[in-house]
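So that you can tell them apart, the chains are marked A, B, C and D in the order they are listed, and the count of residues begins at 1 in each.
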Amino acid sequence: MIRVTVWNEYRHEQQEPHIAAVYPHGIHSQIAQFLQAAGFSTRTATLDEPEHGLTESVLNETDVLIWWGHIAHKEVDDKIVERVQQRVLHGMGLIVLHSGHMSKIFMKLMGTSCDLKWREADEKERLFVIDPAHDIARGIPESFVLEKEEMYGEHFDIPAPDETVFLSWFEGGNVFRSGITYKRGNGRIFYFQPGHESYPTYYNEIVQKIICNGVEYCCPRNNHYPVYGNDKNLFPIQGAVK
Amino acid sequence: MIRVTVWNEYRHEQQEPHIAAVYPHGIHSQIAQFLQAAGFSTRTATLDEPEHGLTESVLNETDVLIWWGHIAHKEVDDKIVERVQQRVLHGMGLIVLHSGHMSKIFMKLMGTSCDLKWREADEKERLFVIDPAHDIARGIPESFVLEKEEMYGEHFDIPAPDETVFLSWFEGGNVFRSGITYKRGNGRIFYFQPGHESYPTYYNEIVQKIICNGVEYCCPRNNHYPVYGNDKNLFPIQGAVK
Amino acid sequence: MIRVTVWNEYRHEQQEPHIAAVYPHGIHSQIAQFLQAAGFSTRTATLDEPEHGLTESVLNETDVLIWWGHIAHKEVDDKIVERVQQRVLHGMGLIVLHSGHMSKIFMKLMGTSCDLKWREADEKERLFVIDPAHDIARGIPESFVLEKEEMYGEHFDIPAPDETVFLSWFEGGNVFRSGITYKRGNGRIFYFQPGHESYPTYYNEIVQKIICNGVEYCCPRNNHYPVYGNDKNLFPIQGAVK
Amino acid sequence: MIRVTVWNEYRHEQQEPHIAAVYPHGIHSQIAQFLQAAGFSTRTATLDEPEHGLTESVLNETDVLIWWGHIAHKEVDDKIVERVQQRVLHGMGLIVLHSGHMSKIFMKLMGTSCDLKWREADEKERLFVIDPAHDIARGIPESFVLEKEEMYGEHFDIPAPDETVFLSWFEGGNVFRSGITYKRGNGRIFYFQPGHESYPTYYNEIVQKIICNGVEYCCPRNNHYPVYGNDKNLFPIQGAVK
């Protein structure tokens, strides 16, 4: 059974009543709930817990970590970020949602500013599958609509994705690479753009299906981790080199 | 249960006793045997059967097609090639082995000459996993050796692969992108270089594991096939365009 | 001086007065004109000329071929298509415009259906640069608008591009990978979507600049063409292999 | 005229006579010399200079920065690393040589460990061009040999390169992606593996030509730098969103 840890900054929901109205138990609880229902073993962790809830033992028991953060990226301890990065490079999957694009962990794994254009205007978003053979597109219609989302628009300052699964159209005149994957070391990463805190995006069944697909896609395959360093073995013929 | 059809030109084994000595029932039978043992539903097809054994109904019941051909590429009927291509674009997986790099179907899907350097000199080949998070690398050591293989060397005239899983070293001084993947339409393609007819490569357990992994990787996900053509629906606001 | 041949089907302009009103001397003449003004050595060729104007000698003197076709793709002789493909693989650049996405030459080089969604509704198109370090984006604003274009929408059935330079937003609710590059053999390919025959797109100065950039990007570098075939040289040590 | 700054740690050459024998004025001086001869405007900078020689004004006057470091990566000030990263994201080219694969700046831009296998055994290295249409392959033979180099072998823990230009074969049984490119923000990066301090690699004319090609490839195109942040403009129709 795939073990998922859903991490949430969990500030908007505690500080702003209109956000709490959408996610009364926090975004993490809502995400954990549909993952649980889909058959994943799920736990949550939040910023204000000791070590942000991401102790060595929690991470060692996590196959896929989901990350939602927004206004408190800077409060995340660099040591925990380093710990998460190491786990990703050793095989743990990572799903970064929405405003997590500027989280320390995502920026550290990307090496770029991860900046973009944004606009809060209750716009329609329409997502298109552009990689119809991808695992994450399994069962997803070729396009679907979110009635209201925050606009995230190009240019998105990221490395060229390994795979671009979704492109988004926004009513106000923008486009965005809204579902992208990367491999880093032995780990797989999926960034998925929808999920502004003021909209009920994570109640949308297609969004839920995409995140469930993402968990399966990012789950480690228990592949061999390479050996690095001094390789003294001359392979083909003993003494072949002078 | 994943349904695999193993296609073989099946000429070397019938015409040359030293090849028959290695693969007495044909390369296809040996491949089918280990796939069957691994739990796949397996059938075979060969060049000299009517429609090369690749009738509409056979292809419609095939999730992944494996292709081995060498000296008789030109005898493959263009209509069958077209049929296979259409099936791949609609989701059927395709694994092309060794000298299949210059099969009509591979060249048609790649759009390039697919040419390369080669040498028959009983050389050692050493394969390295360079995408350790890939499905096809599951359970595969970071490198392994084939004591004798035909050298295939760069430059290999292919489109830049979507993913490069294996790189090979050859004793005589060459390198090769020996395990590569592509998506075309809704279909997934895996090209894997080892398997010269005069060597017992398909009895090697690591090679077998890689091909089994490849079958799982290439198997269609039953994703939606996109709708193409005239899209009369103006989406966001009726009458928004003038 | 870079030598460009602009190929045009040249049927709409001769058969339909409202198209002739936009391009009185044909789309090819308009493209040739701004290329000439930009300092390229330019000639044109059209479908109804002998060998479609693409004789061996014309192609041998062409650094970059620009292709515009639409209603007569099937009239293009397969032998000429083969000839153009060989020239591309040996280094000639190819720029495919708009409806050329379903030309024989583009389909042959891609290996897929190259199909897409389309709509003629006088929609606004907005193009975004998503690869701001690309040669083809030199001097191009981060986004710009074409007041009226034919909608081309995803899913676009192409291999994952080597590079995606432009993404387009269409008023009616669609997105498109509107500027993409591929390398095939020693040749470079640029597909650029704008340019429906009924709109004055090729008079737009930004579009012109993009096509000029594309010519410079696709121009062959006179790189070495690889040697293929039997490579008898055992490189490192004479007699190293048994 | 393209302005290149060659940065060198410059420790081996000052501390070890057998290295000084190869590069009496430092690796940076040798690289600067052939770049100067090739027509580039060249300066050098080294670790022990104030700000490592990489002041704001030096970087602002640099089109392409070349980086050679090995035993003192940790002595490079994080603030200077941050400064270089920002310059790269804003368009400055970066060429990382040999052991610079574990420099702070390369690791920061990659997001991975950048680790690999290595061996000092005076091995032959043979490099193959696998992207024959690439700018960096201009004028380079399809393969060439370095009589002695340090072995760098897979797995190389890097993001999948945007482009792989060279693959290397090592006598002792290893392969390596020895010439790779990335875009990060508006900047271009070229990593090139040859250049161990004890070998006269930077006197090799083909190596010199590759580095010169790399400088031209990485040189900024003065493309527009995107605008990020709150984009209040609703584009298509004033008041279209509710």
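Methods note: contacts are C-beta pairs under 8 Å (C-beta built on N, C-alpha and C of every residue); 3 or more make two chains touch, one makes a residue touch a chain.
Quick caveat, the model's predicted, so the values are computed rather than measured.
Averaging C-alpha coordinates per chain and comparing to chain D, the farthest chain turns out to be B. Judged by shared residue numbers over all numbers used at their interface, chain B and chain D contact each other through mostly the same positions, with over half in common.
Averaged Cα coordinates give chain A a centre that lies 32 Å from the centre of chain B. Chain A and chain C have Cα centroids separated by 36 Å. Shared contact sites, meaning residues of chain D that touch two or more other chains, fall at 124, 126, 129, 131-132, 142, 153-155, 160, 162-163, 171, 173-174, 183, 185, 226-227, 235-236, 240. Because contacts link each chain to all the remaining chains, their graph is best described as complete.
In the complex of the two chains, the chain D residues touching chain A come out as 85, 89, 108-113, 115-119, 121-124, 151, 153-155, 157, 159-160, 162, 171-174, 182-185, 226-236, 240-242. If you check the complex, the residues on chain A that touch chain C are 126, 128-132, 142-143, 153-156, 160, 163-164, 167-170, 173-175, 177, 236-237, 240.
Those residues of chain D lying in contact with chain C across their complex are 91, 124, 126, 129, 131-135, 137-142, 145, 162-163, 171, 183, 185-188, 220-227, 235-236.
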